[in-house]
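Shared between the two complexes below is chain A, which pairs with chain B and chain C, respectively.
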Partner chain A sequence: MTRAQRSLYIWLGLAAVLIAFPLLAPVLPLQPTIGMDIPHRFAGPSAANWLGNDEYGRDVLSRIIWGARASLAVAFGSAFCAAVIGTVLGLLGGYFRGITEVLAVRSTEIVICLPPLLLAMLVITILGAGVLTLTVALTILFVPNYTRVVYAATLQTGGLDFVKAQEAMGTHPLKILARTVLPNIVPPLLVQFSLTVASGILLESGLSFLGLGVVPPAPSWGLMIRAARAAMDQQPLLLLWPSLSLAGTVLLLNVICDRLQDVLSPKTAARGGAAWLRRQIKRTPGVPAPEVPLLKIEDLSVGVALEHGSMGLTKGISFEIKPGETMALVGESGSGKTLTGLAMTGLLPNALNVTDGHAWFRTDNGVVDLSALTEDEFGPLRGNEISMVFQDASAALNPVHRIGDQLAEIIQRHRPMPKAQAEEEVVDLLRKVGIPDPERRQRAYPFELSGGQRQRAMIAMAVANAPKLLIADEPTTALDPTIQAQILRLFGKLKDDNPGMGVIFVTHNLAVVKEIATHVSVMYAGQVVEQGTVAEVFADPRHPYTKALLASVPESDAERLESIPGTVPQPGAMPEGCRFAPRCAHAAAACAAPQPLLDTGAGRTTRCLRWADLWKDVA
Partner chain B sequence: MLRYVALRVLIALVLVWLVSTLVFLVLHLVPGDPAELLLSAGNTAPDPEAVAQLRSQMGLDRPVLAQYASYIADLTHLDFGVSLRDQNPIAPELALRLPRTLELILAAALIASLIGVPLGTIAAMRDGGWSEKLVSLLASAALSTPVFVVGTTLVLVFAQWLGWISAGGYVPLAEDPARHFALLAMPAATIALPLTAVMIRMTRASVLEVLEKDHVRTARAKGLARGPIIRRHVVRNALVPVITVLGLEMGTLIGGTVLVEYVFNWPGLSGYLVRAVEARDYPEVVGIVLVISFLFVLLNLLIDITYAVLDPRVKLAK
Partner chain C sequence: MSPVIEALELTRNFPSRSGLIGAKRDVWALRGINLSIARGETVGVVGESGCGKSTLGNILLGLDSPTGGGVRFEGKYLHDFKGAHRRAMRKRMQLVFQDPFGSLDPRRSVGAQIADGLRNHDVVPGSETDAEVARLLTLVGLDPSVAPRRPSQFSGGQRQRIAIARALAPRPDFIVADEPVSALDVSIQAQIVNLLADLREELDLAMLFISHDLHVVRHLCTRVVVMYLGRIVEEGPAEQVFTDPRHPYTQALLAATPSLKRPAGEMGDVLDGELPSPANPPSGCAFRTRCPLATEACAAGVPPLEHIAHDRKVACIRAELTGGKGGLQ
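Now for the complex of A and B:
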């Protein structure tokens, strides 16, 4: 039994105990609810009358318990009748569609156009007050709720394969409805039932309170509150008991309804909300900052926090970028290249964090460790000295703000200026990234632009404050090939405009690497396996994975395309030694030990132990 | 935008017609003779002479279709007929009381939004923390307590015990503005309470969802501080579904006014309705139910338009 189920059963048990009292009222030793006892008017609680006496000297406890019978009879009665009628209508409408659907479903929805209490009052005007009238009125009110729920669920279930199969075998439709569809709609029905019972109790007591429901002298919580209100200066306690009973009952039903929903549709989202909104403890790197030209990543590891400890996702990433260089991070999906980019801007998803290493970055005010900054410390850097271009611009731009406003926002955040001046800059920026008619387009919402234009706007946002470091996360992946080429040319142009800007370009596309980058880090299963300049690595790969990757690209010179056998190992099940060994044709016994990044001279590194034996002769 | 509004207005008009028809049908769908039903109480058979008189007075002796035609024709002139009790026309009374009920509803919606949205946002931002648990608990309690219990308790505490304010009543705005708003405060707060709870729950769920969105990460990547991110990129986006729920809750809200106007002796439509139902004055009840339903449709129309202003994408759909 899960925790949610246990919680549901506890609350249901409590409800059962409470319902037992009014059900057993005739056999409980209760005082009569009718009849007067004038000497004991407004008497307080006593041994004989635990909750005291009301304005006619009647026992309050006994009236509370008998009053519950009226509320429960009306609420359960109308919820049950409405459930039966609504379910039949919903099933018929959802299964047969067409004219049945209009008659059964759409017609009941008109009832929803009337505020609930009003329809009940209309019915009471015609039929006169009383328990039976109330039940009829509430049944009419609740039918559409059930019809809607059942109709929607029937539409869903009716389209499922096993229902279609039964239809094909010629099973009678009513039989299918009763045997197959009905059991599948029980969960939403249960939720609806608990909701309508709660609402029925509220409506019954409300109408009785107005004097339009249960007819005195029969006891009812609503009537008791009505009477207590008239006498509240004499005995305020009389108001308390029925109010508590009423609110408590409805609260109990609401809690059961919530628990029921928890059990029926367990929430998958982790609780805890956004970590970046919480107060963060300032951390210090622990080691003195080294002198770096622009960015130096040292042994950076990212892990996901689990219930017990954490699981490593990337391990020991190291590389360096000097002003003006473009470093491509390349690898298959899941290799950790995007995480590395996000870790440098403190934008890792909730449960993920940097577990080890440093990311030294030269800001205008000295060298800082990006992996140890708090959200507040990142503020002046992000969008100013370091900026990011995300993969999916349609999701990364805010759908409800105009493009121009979103651009002006980043400009004014880091360089305060009047609105008109910012708007001028926005237009210039949009023109620079190749958006036609920028004066008009800056007034457009993201959904009004094409995919390529959205990505251009995203890029304009990233370069608005002439950053020192631009991190582009698969900026062309979601685009058409022709648009991809244009966006790559745009990156080239922006580099020419701002030659000191370092770029980290995350991609899985080797052709893109060749076109845009000066340096490349090949990543595999959370590690860097080879590094060097693009020209050298492409001409002379020194890791079997790089070689295999190059051979699998259509544009390469290989005679035939090769695929890499096997799959990337899962984060929880990384091999102890070389992570590529299980898929490598050259794996040897020594590869079973952890592999360091080897310096192969001339600024190149590889994580392959056997690089020298394998390729010395070729090189 | 204009096309969207025109379409919404058209849909609202169709709804008004459907509701009017439904209200007309209720009397005729109930088994038995309507005039007899309206005059019967308990098990005593009504006086046949009175039944015949009521029948001709309400036009029930004419063919049903003819009754329907003149009913709809009268409605287009905003003619709601005359009261059975005193033969006075109903429309002027409705016109007098409608603004008072509307004021109550708008004040309650305003209070609920001003409190519910910030509290819901805080609950989402502090998800799992003690402030979130406290806010959620208060919301559950507020949702489970009937408005007339809340109203009566407020009267007991603030009018009877503390004596800060009179137990109820109404003073026109032009006569004494300060007293007008003082008397508005308690009924408006009472109606607002459950609505605030709904707003808190919805805002919390909606903000939690928006916080997961990519564009919030973009806002952080721009270097914005928490405040502007929450205001411009989270709450603004999260409001769209919250507004929809406000529309769905409008029915409960209007139902709530019936009880609250009674508790606080507020001379709006609903107090009038309770007396009309007590007297079983059918034309009056129909008139009030229709006006409140029209109000309901109108408020939903306003919400649809707000929706389009908040989310520019809505205008394109449909």
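Now for the complex of A and C:
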């Protein structure tokens, strides 16, 4: 059970206890609610009457409990009836659209245009006061809320693939609604229900207060407040009890509603320190900085903080990049390639942090350990000496600022200069990354550019300050083939223009690696399994995973593709020894022990113990 | 062999308006598509986003209606079937989606979702439903004991297998696979491609395979059509189209596709510019604005899709100049 669930059950339990009292009122040893006892009117709390007596000498406690019956019956009754009617209307309107939508959804919206209290009063005037009429009036009031919530949720769910799959399967539309759409819109429906109950209790009290609800002498919270208001001078406590019950119940329902949302929403907030907390966490390097050409990563591990300790996501990543080299991090999803890239820029998600190792980087002011820098120390590096290109440019660019302004900002942040000069640089940069008509285009907002041009604009931001290290995370994955080719060519050109720039290129596409990179680190389940130059690793792979990965690319003439059986192990359930062993055709008994990265000569490494036996001819 | 499904002069436009008071304008998703698929045949549809390939798949399945033209399934027009008859037809045609995480209902067990297709059409007697679900799961390489689990307990590749089992449940004759492997990792992708190839042979299915990965299409498909801005620009046997492309767009697409076999840095001529807006396509040949061979004549009229060999068609008036350039290795 998660924390959110525990908290929900505690509040639900409290609500159940509170509801039990009015439900059990007939069997509880309560004093009569109607008989008058004039001598004891306005008596204060006593052992016999815990909350005192009211203006007719009746016991307040028993009237509160009996009054809750009326309030809760009206609130739950109207919320339930409205939920049923509203859900049906919303489902039909949202799924069938067209004329059904006009009849079901738009017509109920007329109700929203009328002031709620006036509408309720109108219904009650026509039908006469009483608990039943009140329920009818509130049901009419609440139906449009449900209809709209369900309608919106149905529109959203109806467009999803699994609903389309049901249509393609020839399922009857009403069956699709009941079996597939309805269960998937329950979360917002439940939340709406608890909101409506709270609002129903308030409205019932309000209408009873006005004399339009429950008919005296039957008790109700609204009536009690009304009576207590008249007698406020004599006994102010009388006003306190029903008001407290009312406020408490509504608060309780709102809390339950919040907790429900937490439990039902699939995106429960990730735990982990806030950004300001993260600033404080500083790992002292402890070891003196070695001499590095550009970037040297040593045994870097990233983990996620859990309630009990932490879970490793990547383990012992090591590689080195010299100026001008392009290192491709290649692997399948979950291999840790993106995390390694993010760790270099200090942009790991809040719950994640570097648990071990170093990332030595040569800045203009000496060598620093990127894995131990604080947020403030990263400031002058990011966007300047280290910069990053993301996969989704439309999400990475700020949609409300012009492209040119975003570029000028990053230039002026690190190299203060007059506005006019910055603007000139912006135009030059945009021209360099191949955006046509840069003078005009710099005034465009991101949404006015096509996907390929947005990617170019983001690359322009990344290279604006001539970084020493460029980290590109799947920069071409979301692009069409012809645009991907243009962007790859652009990367090639930028590398030619800045021969000292090192590039980390994160991708899952082996053919792209071959096109763009000089060196490659093949990653599997959070570890590097093989390293070397692209030409050598691709021509002569020395790890069974690399070999299998290359063979599974559908470019061979073989009738069947080589596929790797099984799936990537999940973090937390990693095999003890070689992480690839459970899927490996060559696994031996010795593979059950943890495997080090072995040097295979000529700057190449593999994490396979058997590489020499398996490929004797090459060794 | 008589085709299972035929598209005849299919046209689909989506009305759109620029801004509140802008002029009304049609976005042409499909224009004059003719295509037929026979049993045991897998036709690949390739093209960039916005070329209309997914719209074509939806219309062939009857999930969307064409603005003009029609779809014939075993000689009968789909638009002649309404209501319950249309739903009964659905049994014969199925769909496999791109996103294995969105295509399964997260709140129902996978067994129940596979069984839906069986129950809807009474494919097997009610008492044999469980056995049939087990058979289908085995067919796609999963253990039958996983049926009671929810989709969240499966990986992407396993979910795609489940989605395929669900599509196979009503025993369809025709399957549209819309980018079924592009959301999967390379090694998993190979498993699914192999599975589709096996199923096609075992079940003698007609398949429309929509993808932007040319290598996968080449590996799996018998025939391929290349689309650009709603029209077919080239059609022919997969091997021929990929080794000897004749339309300049096909050539550019192949040149742009990174390959393990091509030596590094020898990428072919990279096409300039981007796909024009389908709301405002160029006059004449839609590709002429990016075409290295374009002449004035290309703007005059839309080039017809003409036979250049027995089973090959190209829509280019300068096709005689394009031979022998830039195939996939």
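The rule is simple: the second predicted complex is superposed on the first by the 332 of 619 C-alpha atoms of A that agree within 3 Å, B and C clash if a C-alpha of one lies under 4 Å from a C-alpha of the other, contacts with A are read in each partner's own complex, and residues count from 1 in each chain.
FYI, a contact is a pair of C-beta atoms (placed from the backbone, for glycine too) under 8 Å apart; a residue touches a chain by one contact, two chains touch by 3 or more.
These figures come from a predicted structure and were not determined experimentally.
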| item | value |
| --- | --- |
| A:Arg229 touches, of chain B and chain C: first, second, both or neither? | first |
| Touched partner set for A:Gln5, first chain B, second chain C, both or neither | neither |
| Which superposed partner A:His401 touches (first chain B, second chain C, both, neither) | first |
| Partner chain in contact with A:Phe209 - chain B first, chain C second, else both or neither | first |
| Which superposed partner A:Val534 touches (first chain B, second chain C, both, neither) | second |
| Superposed model, chain A: greater residue contact from chain B or chain C | B |
| Which of chain B and chain C A:Ala168 touches, first, second, both or neither | second |
| Touched partner set for A:Pro183, first chain B, second chain C, both or neither | second |
| Chain B partner contacts - residues on chain A that touch it in the complex | 110-119, 121-128, 198, 202, 205-206, 209-212, 222, 225, 228-229, 232-233, 236, 239, 243, 246-248, 250-251, 254-255, 269, 271-274, 276-277, 345, 347, 375-376, 378-384, 387-388, 390, 392, 395-401, 409-410, 413-414, 445, 447, 458, 461 |
| Touch list for chain C against partner chain A, complex | 48-49, 61, 63, 86-91, 93-95, 97, 99, 102-108, 113, 116-117, 120-121, 155-158, 163, 166-167, 169-170, 185-191, 193-194, 197, 212-216, 218-220, 252-253, 255-262, 264-265, 267, 270-272, 274-275 |
| Chain B to chain A touching residues, read off their complex | 15, 18-19, 21-23, 26-27, 30, 34, 37-38, 40-42, 124-128, 140-141, 143-149, 152-153, 155-156, 160, 208, 211-226, 228, 232-233, 236-237, 240, 250-252, 254-255, 258-259, 262-263, 273-274, 276-278, 280-282, 285-286, 289, 292-293, 296-297, 310-313, 316 |
| Complex contact set, residues of chain A against chain C | 160-162, 164-172, 179-180, 183-184, 332-333, 450, 452-453, 480-486, 488-489, 492, 508-512, 514-515, 534-535, 538, 548-550, 552-555, 560-565, 567-568 |
